[in-house]
Amino acid sequence: MNYNMEKDTTNIQAKGFKKSKNGTERKAVIRIKNVIKSFGDNHVLNGFNMVLYEGENLVVMGKSGSGKSVMIKCLVGLMAPDSGYIEVMGKEISTLNRQTLDELRSEIGFLFQGSALYDSMTVRENLEFPMRRHKEKLGFVQDTTPLVMEALENVGLAHTIDLMPEELSGGMKRRVALARTLILKPKIILYDEPTSGLDPITAKEIIELMRSIQRKYGTSSLIITHDVDCARVISERMILLVDGINYAEGTYAELSASRDPKVEAFFKK
Amino acid sequence: MAKTKLEHLRLGIFVILGIILLLFAAYLIGNRQNMFSKTFEISAVFKNATGLQNGNNVRFSGINVGTVNSVEMINDTTIRVRMIIQDEMRNHIKKNAIASIGTNGLVGSMLINIVPGSGKGSLITPGDELQSSNKIGTQDMMSTLNVTNENAALLTADLLKVTQALNQGKGTLGRLLNDTVMSNDLQKTILNLKNASNSANVTMIEMNKMVEQLDFEESAAGVLLSDTISGGKIKNVIEHLETTSIEIEKMAQNLNSIIGGINEGNGAINYLTKDSIFVNQLERSIENIEQGTERFNENMEALKHNFLTRGYFRKLEKKEKKNSN
Amino acid sequence: MADSTKTVFAKSKLVGRIKQFFIQIGELSYFAGRFFKEIFTAPFEFKELLRQCYQMGNRSLVLVCMTGFIIGLVLTLQSRPTMIQFGAVSMMPNMVGISIVREIGPVITALICAGRIASGIGAELGSMKVTEQIDAMEVSGTNPFKYLVVTRILATTLMIPILVVFGDLIALFGSALVENLKGQVSFQLYFNTVFDALSFGDLVPATIKSFFFGFVIGLVGCFKGFNSKKGTAGVGIAANTAVVMASLLLFVVDFIAVFISDIFYEL
């Protein structure tokens, strides 16, 4: 367990490679160094540091409005940080042009907070949408139906293929959205509040789904949430985002045992 | 998929139909301006274009055969109007045809009327210049009519006053004085009336001439009359004028009889002279005045010769001499 | 003391409003500039363009036709008595025809479409923005500006003129109906007179003008929707301000268009 009270985070660089459980070195797929982002006088990120290793489940927890979503949007280039270094799969985001950024984005799945299904399209069209610009990645297939069906079967919703999003329940929407993030077979999946707005049972289903997908495809996952139960189930490692910095880092067990008042606040029922 | 196909089909129909409608409208407009048919150009020279514009219609014997292409000033009294005429009209329009500017109805747009000339002539060739006639425009006609009407109104108002005054005339000195003024007025009025009825006659003759011309000739007023509403109006105006002039004549006759009456000793003035008491009084007072003035003269003579005032009168005489010198 | 602070406050508020106005104009211009930049670079979202054309063109047709018909009817009914007083009732087709083709047809159609389309775009893009659908598009490799904005602006720019043609025709038809019933003027005579009165000086500027009307409607709708603030209230504001701003801009464009066509055609 590490505490990072001061903003000096040079030790992160040294931990770029970390021993995995079976002793081999794990590669970092995402590195965030000293990222600062503010909206006017509101300093959201104040020198945030983070590393995501290949194949791991990392949960970043923070209160709402603590800048989690901003951080994750900076990762895919939806927002640009004021300063700092962001590297995804060995490429620095700020140096990429539109085309290379799109190529990189096809390796990253992004599950949005409210599912963000396109209202005007059917489920099939929603799933086909990411393929429009990444045909080469899928080998220029003419008939996309098998791919769509495969993704939908992964989330257990093959029968909804010709429905409109408005005909689906919240949990089904989330699952369809998950299927959509999977359709390009990404290496990293970013989850923005995957369980928000769902009842506990559906939330559990979604979490189970996330785990099974990770097992199946071996993706690295970065999960952003304020839901402690979600974090407990899925996390291998956790980072607490407090006051715009990575305040504390460790496993769920380590952090929940912490006596630090700011850390304790997260785990209080 | 079938849904999108149907949408595309409907969109296609919508777009194509819209474009066809637009093109059709453009074609219709262009057709009116003879953009798509074979045409040739002729011209005519006018003194006054009276608001003629490019694109105005050109009519030959009442049929639209072309449009005005350009209106250009050559010098301050010459305006050349170029017209584009349908090609098939080359077999019908002859060189002696006459062009004039008219209007389409009372308030319609301007147009050029071409009427066939009298007698035989060779067919027109492109670039020819037609003879033109500068007929009285609607505006001129209307303004003349307006002036005539106003005059008539003034006259009738005057006459009304005079006749009223005549009817109310009573035997007093004031009335007598009034009468002299009145008789002066009357004489003037009669003169005016004569003038007015003369000018009304002239106008009538002109109008009649015009109306006669209209029957066989396509002129500005011809178009006016053929437009039933405005034609009806003009006819009304003419009828009014006729009745007005008849009334004026009647009134003039009445006045003449009144003047005659005065001379023969009937009527207001006569009434006065028949009032014997008044006449006697008048005679007496006039005699008194005459006597008075005679005495006054005598007194003045006496004063002149008086030694006291003699010097003063001499001075006056000297002054008068000086002034006359 | 209190009064002076009040006036200072009011003054700063006014200055703020004026500043906000210029910021809006600036941002709108930048948005339009971005549209012209994106429209000429690949990829082109042709399928989506067709879909939007259908949504905006065909779906507005009934509305435009209904308003056009009523406007033609009412315009003729209202101006007939005056024309009768002048004894110029035979000039009705000329007057109504010219006023519909030149001004009333395009402006009414554009205003109706500003109400229907600009608010629709504002609300749709606004809710897409709020629910992160626009971000989702961006992440999945599709340029949302191209996919959502360029197609919509192009669709309105292309469809409004066609709607105007239909609107004009139906309005003339409505007017002809009144003349036919009240004045015993045959449809053929009516349309003959109308097209006799019309010239290219009436048709061409009106058609060009309606392209700009379409552009304004699409541009403002997309601008307001794309820059919508978070939350459902933001979507409502986006839809509302889109209609207001589009209608206002339509009149400004109309004024400029009339001004320019006046120079070229000496109306």
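All chains are identified by letter, namely A, B and C, in their written order; residue positions are counted from 1 within each chain.
We adopt the following convention: a contact is a pair of C-beta atoms (placed from the backbone, for glycine too) under 8 Å apart; a residue touches a chain by one contact, two chains touch by 3 or more.
Source: prediction; values computed, not measured.
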item	value
Chain contact topology (line, ring, star, complete or other)	line
Pair of chains whose C-beta contact count is the highest in the structure	B-C
Centroid distance [mean C-alpha coordinates] between subunit C and subunit B, Å	52
Subunit A and subunit C, separation of their C-alpha mean positions in angstrom	43
Separation of mean Cα positions, subunit B and subunit A [Å, integer]	94
Junction residues of subunit C - those touching two or more other chains	none
Residues of subunit C defined as touching subunit B within the complex	50-51, 53-54, 57-58, 61, 86-88, 90-91, 161-163, 165-166, 169, 195-200, 203, 207
Residues of subunit B defined as touching subunit C within the complex	4, 7-8, 10-11, 14-15, 18-19, 21-22, 25-26, 28-30, 32-33, 55, 57, 105-109, 227, 229-230, 233
Contacting residues of subunit C [partner subunit A, same complex]	43, 124, 127-128, 131-133, 135-143
Residues on subunit A engaged by subunit C in the complex (per definition of touch)	73, 76, 78, 98, 102, 105-106, 108, 110, 112-120, 129-130, 132-134, 180, 184
